[in-house]
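Shared chain: chain A. Partners: chain B in the first complex, chain C in the second.
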Partner chain A sequence: MIEGVGLRKIFKSGIFSGKTIIAVDGVNIKIEEEETVALVGESGSGKSTLGRILLMLIRPDEGRVIFDGIDLTKLRGRELRKIRMKMQLIPQHPDEALDPRWRIYDSIAEPLRIHKLCNRSEEEDKVLELIRAVGLKEEHLSRYPYELSGGELQRAVIARALTLNPKFIVCDEPTSMLDLSTQASIVRLLMDLQRKLGMSYLFITHDLELARVVADRILIMKDGRLVG
Partner chain B sequence: MEFAFASEVFRSRIFKNNLCTIGFGIILFIAMLGLLAPVIADDPYKTNLAERLKPPSLEHPFGTDQLGRDLFSRVVHGARTSLFVAMTISLISMAIGCLIGAVSGYFGGIIDDIIGRIIDVFLAIPELVFNIALVGIFCVAYGVSTWNVILAVVITNWVSYARITRGIVLSLKEKEFVLCAKAIGARDSYILLRHVIPNAIGPIIVLATLNMGNVIMTIASLGFLGLGIQPPTPEWGQILNSGKNYITTAPWITFFPGLFIALSVLGFNLLGEGLRDVLEKRTLEY
Partner chain C sequence: MLKIENLKVYFKTDLGIVKAVDGVDLEVHKGERFTLIGESGSGKSVLAISILRLLPKNAEISGKIVFNGKNLLELSEEEMRRIRGRKIAWIPQSQSSLNPVLTVGFQSAEPMIEHLGFDKKSAFAKVLRIFDFLGIGRNRAKDYPHQFSGGMRQRVLVAMGISTSPELIIADEPTKGLDASKRAQVVGLFRRIEDRTMLIITHDLNFAEKLADRIAVMYCGKIVEVSPAKEFFNEPLHPYSKGLLDSLPSRGLKPIRGFQPSMMNPPSGCRFRERCEFASERCRREPPLFNLNGRSVRCWLHD
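Entry: the complex of A and B
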């Protein structure tokens, strides 16, 4: 369903220092429908960059990203923004993933508003349905992010990611900032949602045990290359 | 509708903070004196040599200066000059600084490197010395005018806004909520307007408030050195200077303008500190 071919990304920093970092170095990756692929590696191995390249949040220097038969690296502006409805990101820091000045309700409804998908009352129904699906209560909706715990926030972030019914989600260490019991419940939630909604996950983590539990397939990344 | 509600909550939070309330009160007091100056005070230019160097009395609440002018009128009219000039300087340098800083932070790369070096150069020169030099140059080039002071202080002052805005935009650009907004298909302009700017505005308001105190001090310093706003226009620093020869015989000439400089700087600093406390709970820390 989503495929990366010969992906390569080099970061350059500053004109005076002239340092370059090869973050992703010729990676081929393919994820099938309803499959969970775990991407495991040390910090700095380029796994987050690879996840973001697949979502086209970072443009690769070389290689192609093919989603449902469409080469995303050839798309620009409006077409790319349309495709983005089908793929989502669940980032690592739940406390930074929502605008601190927005209420939870507005953050979850934002994707619907950006793409002008429904009117106000449909929007409210959809948001309520979503928070029930992720196990939040209605009272959470009127709060600001700083008034929620890490686990509740991550649930809100997941709800927001699900708003547009995506087919592919990159989970970038979604549990690494949470404590152990919360971690388990978030992982269980992600697995349940996958069974119900049939999405594909790229599950980025540095925890091999966790990867074994969640994934159908495990990829190991080291120094920008896939090694196994 | 939600916006109106939020702003109401916000307003009450600001006035629940004691620092804010006291600071705002002091500024409001001085600003009202300045605004009402023509009503409550006499002509600040009218000399009366028979009444020179009189101590404070009912007729002259702050006494009179070496030319017999009513010091209360001069100090109160000085509030107009100081606040107006300081506000002009702050607004211009905020506009320039924020724009340059945001461009630098948002685009990064070579633009950021160049602007960053320019900022470093400006920061390396002591501010007051730089101001004195600039005012001198402008006086020679364009003749004596209040705009010399404004221009000189803006040139040294925009840097702090640029530096702060650059830092804020740089850190906001990397925040995950900006990334997530991009991931759901938002346009760059939407992200800038709805996510980046609203989150940057809090710290910039705090900086602008604290900066006002700084600018008032700079104007007064230049005035004291005889480089600022020129007599007979009443200005606190310059009144202070004219009174320094009489400091043992007529201390009120230096005391009252000094008190007003101190009060207004204190007011802006208290308000700034208070706003920081209030705003940082809502926005991110940088």
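Entry: the complex of A and C
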């Protein structure tokens, strides 16, 4: 369903020193429909960069990203935005993922508004359906991000990611900032949603135990390469 | 060594009183690694900070913290200063605890100069020895914190903590923000200094399992269980302890139902009862800490 071929990304740091870091170094990766692939590696191994390349949030220097047969690296602007509806990111820090000045409702509804998918009453139905799916209550919708706990916030972020019925989600260490018992409920939620909605996940984590539980397949990344 | 009796720490806020620590009794024996586990908001860090009396002004403390026969809560600030750093050392979380504009060698030498009256030269010489011992390497003493990785910074903080040969070391979440292989290194690091008495605060159960002699579990301002580590991981007594262990990925990834109650108005009686699968009528009354062959548990099931 989504495939990365010969992906390579080099970051240059420092204007004068010209230091370069090869974040992703010739990676081939393929994720099938309804499959969960765990990407495990130490911090700095390039796993988050790889996840973002597959979403085309970072353009690779070399290689192609093929989603449903379309080469995303050839697309620009508007065409890419259209495809992006089908792919989402659940980031590591839920507290940084939502606009602190917006109520939860608006953050969840924003993707619908951006893509002009429905009118206001349809929007409300959709948001209510989403928060029920992720185990939040209606009262959470009128609150601001700082009024929610870490676990509740992550549920709101998941709801937002689901708004556009994506086919592929990159979960970038979605539970590493959460407590143990909260981690269990969030991971369970992600697994349930996948079964119900038939999505593919790239599940990025540094916790091998967790990867064993959630994933169909585990890839290990080290120094920008997949090693197993 | 350290005995805490009926410790209460309340914070007065505009919204009401937050009972962060609400009647805690525990004892840390000489030479052991005592590990306090709990989730965020359980009050474990507040408990640790109150031992050093570094709480903010709006905190109200009552009870006793007896260290080597002296109640720390009754000491003057001057006497307390002679204990902090020298008798009881604090190893903070690694993220931002080092001064970015001083070399790590100088920062590690500072406690010895401050508390033990070392001159700069001999303090620095000792730092070099400690750096070698902890695997930092003496050649890095003149480097600055930003030149170190997270794991290495943690080592520097440990070096700083043990430099004054304190009788008790309190370590606050030493593995927070580190990935798996770095965590293993921190375990090795703490094993190297195993002759010291340590109070380790963590929510990382894998870390606790590898390191702890005894485990105390804190929930909502109260200690709900104290057990030797092995027994705790084999057969936890309190339903909350069991719930925590079951939520580990390797043990089934089963969440605990419900949410942590607010610390402002926690449920009456047992604080875990609304989330507990064994809850019954008697849980409306607060259970005492029951003693069971060297273990203790705050749950009516073990009455």
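The rule is simple: the second predicted complex is superposed on the first by the 228 of 228 C-alpha atoms of A that agree within 3 Å, B and C clash if a C-alpha of one lies under 4 Å from a C-alpha of the other, contacts with A are read in each partner's own complex, and residues count from 1 in each chain.
Note that a residue touches a chain if its C-beta (ideal position, glycine included) is under 8 Å from a C-beta of that chain, and two chains touch if they have at least 3 such contacts.
Everything numeric here is computed off the predicted structure, so don't read it as measured data.
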item	value
Combined model on chain A where chain B meets chain C, clash or fit	fit
Partner chain(s) touched by A:Gln92 [first = chain B, second = chain C, both, neither]	first
Touched partner set for A:Arg188, first chain B, second chain C, both or neither	second
Contacts of A:Arg212 with chain B and chain C, given as first, second, both or neither	second
Winner by number of chain A residues touched, once chain B and chain C are compared	B
Contacts of A:Glu42 with chain B and chain C, given as first, second, both or neither	second
Partner chain(s) touched by A:Ser149 [first = chain B, second = chain C, both, neither]	second
Touched partner set for A:Arg81, first chain B, second chain C, both or neither	first
Which superposed partner A:Arg225 touches (first chain B, second chain C, both, neither)	neither
Distance of closest approach, chain C and chain B, by C-alpha atoms in Å	13
Contacting residues of chain C [partner chain A, same complex]	39-40, 150, 179-182, 203, 205, 243-244, 246-250, 253-256, 259-260
Residue numbers on chain A that touch chain C, as the complex places them	42-43, 149-151, 179-185, 187-188, 206-210, 212-213
Chain B partner contacts - residues on chain A that touch it in the complex	14-16, 52, 55, 57, 80-82, 84-85, 87-89, 91-93, 96-101, 103, 106, 110-111, 114-115, 144, 146, 157, 160, 163-164
Touching residues (chain side chain B, partner chain A) in the complex	2, 109-110, 113, 175-177, 179-187, 190, 194-195, 198-199, 281-284
